[in-house]
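Supplied in structure tokens, the structure appears directly below.
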Amino acid sequence: MRSSMTPIRVGIVLGSDSDLPAVADAEAVLQELGVGYERRILSAHRTPDAVAEYSRGARARGLVAIIAAAGGAAALPGAIAAHTTLPVIGLPVAGPLLGIDALLAMVQMPGGVPVAAVGIGGGRNAGLMAAQIAALTDAELAERLARARELQAARVLEKDARLRLG
Amino acid sequence: MRSSMTPIRVGIVLGSDSDLPAVADAEAVLQELGVGYERRILSAHRTPDAVAEYSRGARARGLVAIIAAAGGAAALPGAIAAHTTLPVIGLPVAGPLLGIDALLAMVQMPGGVPVAAVGIGGGRNAGLMAAQIAALTDAELAERLARARELQAARVLEKDARLRLG
Amino acid sequence: MRSSMTPIRVGIVLGSDSDLPAVADAEAVLQELGVGYERRILSAHRTPDAVAEYSRGARARGLVAIIAAAGGAAALPGAIAAHTTLPVIGLPVAGPLLGIDALLAMVQMPGGVPVAAVGIGGGRNAGLMAAQIAALTDAELAERLARARELQAARVLEKDARLRLG
Amino acid sequence: MRSSMTPIRVGIVLGSDSDLPAVADAEAVLQELGVGYERRILSAHRTPDAVAEYSRGARARGLVAIIAAAGGAAALPGAIAAHTTLPVIGLPVAGPLLGIDALLAMVQMPGGVPVAAVGIGGGRNAGLMAAQIAALTDAELAERLARARELQAARVLEKDARLRLG
Amino acid sequence: MRSSMTPIRVGIVLGSDSDLPAVADAEAVLQELGVGYERRILSAHRTPDAVAEYSRGARARGLVAIIAAAGGAAALPGAIAAHTTLPVIGLPVAGPLLGIDALLAMVQMPGGVPVAAVGIGGGRNAGLMAAQIAALTDAELAERLARARELQAARVLEKDARLRLG
Amino acid sequence: MRSSMTPIRVGIVLGSDSDLPAVADAEAVLQELGVGYERRILSAHRTPDAVAEYSRGARARGLVAIIAAAGGAAALPGAIAAHTTLPVIGLPVAGPLLGIDALLAMVQMPGGVPVAAVGIGGGRNAGLMAAQIAALTDAELAERLARARELQAARVLEKDARLRLG
Amino acid sequence: MRSSMTPIRVGIVLGSDSDLPAVADAEAVLQELGVGYERRILSAHRTPDAVAEYSRGARARGLVAIIAAAGGAAALPGAIAAHTTLPVIGLPVAGPLLGIDALLAMVQMPGGVPVAAVGIGGGRNAGLMAAQIAALTDAELAERLARARELQAARVLEKDARLRLG
Amino acid sequence: MRSSMTPIRVGIVLGSDSDLPAVADAEAVLQELGVGYERRILSAHRTPDAVAEYSRGARARGLVAIIAAAGGAAALPGAIAAHTTLPVIGLPVAGPLLGIDALLAMVQMPGGVPVAAVGIGGGRNAGLMAAQIAALTDAELAERLARARELQAARVLEKDARLRLG
């Protein structure tokens, strides 16, 4: 994790505090990569004005991407995307319908207001996608991402080697 | 259809003008029953402020129910419900995923902001549900609804009789 | 919760006593809002005549909406709707097929006999929808609904504030 | 087809006259096998009393099985089964959701009131199932069923032979 | 339960002994109603010849219906139906895909060889459907079925009364 | 295509002659690769004995793989696999449920009797899989398969080049 | 559309030339916004080495995002993402399973290699998402995106106004 | 289990070490049948080059089939098949979406690069399918497979006998 001076580049928005565990992996990967982020609880249906206000101000405040985690009707990423042209990454949270409802509600947006979703419960990939976007203007971060990929590959190769010897 | 003096009781909101055919049956039944309605094209994602403004003012303008038709991510009824405590009736419009996405996006709302949906492509039932709500304060309308049900039953019985003779 | 003198405005009908937990949230919200309700166990398939009798008499007894909770084939809301023109709110109860069967069985009604469903397990929203309908003729209830929305928003904003400080 | 003196053994009930094509194969096979049948249009939601009356009288009128064809919420077979202990065969009719809604609405009945469904659009099998039930008390019909099976096998074998020679 | 002299009228066939719990409710209801039955473990894929032999001899041995319980590919009821014109009742057993695979594999039979399925895990209804078929030639059983329905209705009405008294 | 002296290595079995178009791509690729095959129409439900006989004799007749095409309940590949230990390749044929029923019915076999399925409507891949199995004992065929892959890659690269110039 | 001097910022990769119509909307929006792009046909399964080579070189060649369109198993975006840390936008192409297979195959990536998908057939949103990413380092493009949103809103408001007058 | 001199005929590849339990049944059956196998952890997305290298060398190293187990996007079997013309058997591993995503990602391959999948969690059948392929060039193995089938049938018959006596 980087110092507290790290500028905030990524917003993580949750529809409810019950979604906090769903974003833990996103937070972890952003911390590992030294990408500054902020967390907000903003509900598309319960506090729509706060969602609008936050989304409208996001670019000016220096954000480069917003991760929006939600389950069920999962209108949050779309509600954010309605108020900003920053890239919005949907993170579908599983619920009684296994998260299929949340995934579809996120991606099936009308033409003109895009949301791009990672997999159901895919917190780590949501964080990585945000970091990959941030890395477009941060060569050092791009380096760290590349090294993280190598490390990740090395870990698989190591497990493979151990299995073969095992 | 009643005279143009009929007060507007029901709002029919479409996410896009491509949804106009989907609400035709709703309009037809409201006309048959003499329930005044208005139609609006308001997009949860493209004109979110217009949705908010319309929804906030709906009760004061005399509406008793709002029918919201949308397909895909179908955030419209939820976006309306976020700004009013009038009953919002979701009308899922079929698309490439057969309307399942729209249905789930409408009903799977978080607790606290209700939307109640009729079936996929169920324009007639959306209109009837709105009329049934309006009839709670309009005894004559309640009468017309009851007679419409009787007529409807009679038509089935008549078809049955013809088939048996046939 | 209001006094026991509160007139009964909403009927909550369950297909089976095993559905009692599914309506607990609906009851809670009606109590919070001071909306009188009654509970009945009536089975579309096991006691169809009782369903018909109850539904036919509902308007005369002063009800303004009926919440019908059921799982599986979930014919209950439709069976009620067949005998009344009061608004019927379907509350799908999850089961081995996650409640998808119940949701579809409720909304996919033939044109002419509407049921409007809230989400699977959405007891709170079923109760709220009924209250919102009741509020059309009860300005004080409409006030309480508006305040409940504000309170609900405040709670989200407070959680957001705590998270940001946290 | 047998003479008009054939006693009526099977009831074919349709929720709507739009379901007539869906039962054509059922009718054809009953005619081929000489099983008398009657057709009725009875709607679980539009004419519930007629459904109840028909179902209650079915055994006394000599029926041994009832085929109920319906689409969407498809409450018809269950509504019939609620009023008779005759075997009820559900015939799901495909619609915008491909008939999955109708199939689930038919089979997912609560314990105590059975419906047994054939496949979506499976008119021929619905007719055969009814004939197989009728054959339990009609040895000649059982014979005809057995011969139909042999003929059916012979036709496949013949197509196989032609293909091999082809 | 009736005496051991009760003639065997219903065959209950399981694809595997792991399906025994799934047929417990079918057995219970047949015992309650005094319908004699036998249980067999016969696998469409592991002992296809035994399935064929059993099915071919079923009518001669006095059976009037066969309940076939299976999960997954659930070929058992179809494999039985291929060798008999007795009514075959499919009982889908839930598994990792919630039983949807088993249900579809049972009902989506080609025209000419019918299987009629009850709901997923619907053991009680499978037993009742078999009993209802057996009752076509057993007036006393028909009486017991009718009384069981009345008892069942009474139990719901009683629960309803108790709930109302609260 | 090779000469008529090509030995028969692959069996293509269809549940019905209506499945002939579904296997056309499988035939085409086997012809391109010079793999001898035979076609049979054999129904798991209408001619189960013919299926059993064919499957039992398949290895002795020199087959190395059997492609079984079917839709709906799609019991054919499993019925073949029940009578042989040759590799059975399921080819799901799309129908009203888009082929999902056929795919699941093919793969969800009980442990002990394997079927391996290609995609819905994947005739070409079914043929290739059979050829790849046949190539295990036919080095020239393995060569032809490798060359076909190269040709296939070259065609994509060529389209890519044309698009870039285009 | 901008001049041919526009630098290439976005790669559009298709698994097959049959996917060209699916990316037409993505191309259109990139042209409207003046974002340079290139198109490639690269198959994850037929030309995996070309996919790897292209993806590895993408950042060095100045790309900021890659749109990958594919149907069915839809491995293309994941195969690209395996070789680059640029943001990869999956564009699911509908097929016989309505595109659900493609959508799931795109988003359900293992943790560590992210793909973010837009809706099925959502070419316009894929293009917009790529443009929104490109706009992070191109203030003029960000301006054009903001104006496009305003224009889009204005068009909806205009349709709404016409409907109200209509 | 055979001696350690058994030549390696089958490759079992896992996308992650978390898939080891999913292949346990495949390993068990290969051991029972004396088919030599090797296990590798190779990730289509994290170590794509290792997948390519392994697959390209598989035939030369004497393998006759490769079992590839994966969940979610499940690109592994397709990634292997892209680099070899050996038969690739997909083994879908269940996850939050019940394995449906993995199954579809495996079978819905483009024409030209086949993968054949067994059922979700069908480790035993994956192992058997590999063994059946290996048996094409190993008459003794074919014998053992035939005996295993007989044993398997005997076990079902024995359970059946015990149940009948029971």
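Letters A, B, C, D, E, F, G and H name the chains as they come in the text, with residue numbers starting at 1 for each one.
The definition used in the following text is that contacts are C-beta pairs under 8 Å (C-beta built on N, C-alpha and C of every residue); 3 or more make two chains touch, one makes a residue touch a chain.
Predicted model, so just to flag it, every value in this text is computed and none were measured.
Student: Could you work out how many touching-chain steps separate subunit B from subunit E at minimum?
Tutor: 2
Student: How many links in the shortest chain of touching chains run from subunit B to subunit G?
Tutor: So the least number of steps between the two chains is 1.
Student: If you average the CA atoms of subunit D and of subunit G, how far apart do the two points sit, in angstrom?
Tutor: Centre separation, subunit D to subunit G: 50 Å.
Student: At least two other chains touched by the same residue of subunit D: list those residues.
Tutor: Touching at least two other chains: 16, 43, 46, 72-73, 97-98, 100, 107-109, 112-113, 119-120, 149, 152.
Student: Touching pairs of chains, all of them, please.
Tutor: A-B, A-C, A-G, A-H, B-C, B-D, B-G, C-D, C-E, D-E, D-F, E-F, E-H, F-G, F-H, G-H
Student: Would you pull the subunit C residues touching subunit B in the complex into a rising list?
Tutor: 25, 59, 64, 85-87, 89-90, 103, 107-109, 111-120, 122, 124-126, 128-129, 132-133, 135-137, 142, 145-146, 149, 152
Student: Which part of subunit D faces subunit F closely enough to touch in the complex?
Tutor: Going by the criterion above, the answer is residues 94, 98-100, 119-121, 149, 152-153, 156-157, 159-160, 163-164.
Student: What residues on subunit C touch subunit D, complex-wise?
Tutor: 15-16, 43-46, 48-49, 52, 72-75, 78-79, 81-83, 95, 97, 100-101, 104-110, 112-113
Student: Using the touch rule from the top, collect the residues of subunit A that touch subunit C in their complex.
Tutor: Touch residues, subunit A against subunit C: 16-17, 38-43, 46-47, 50, 72-73, 96-98.
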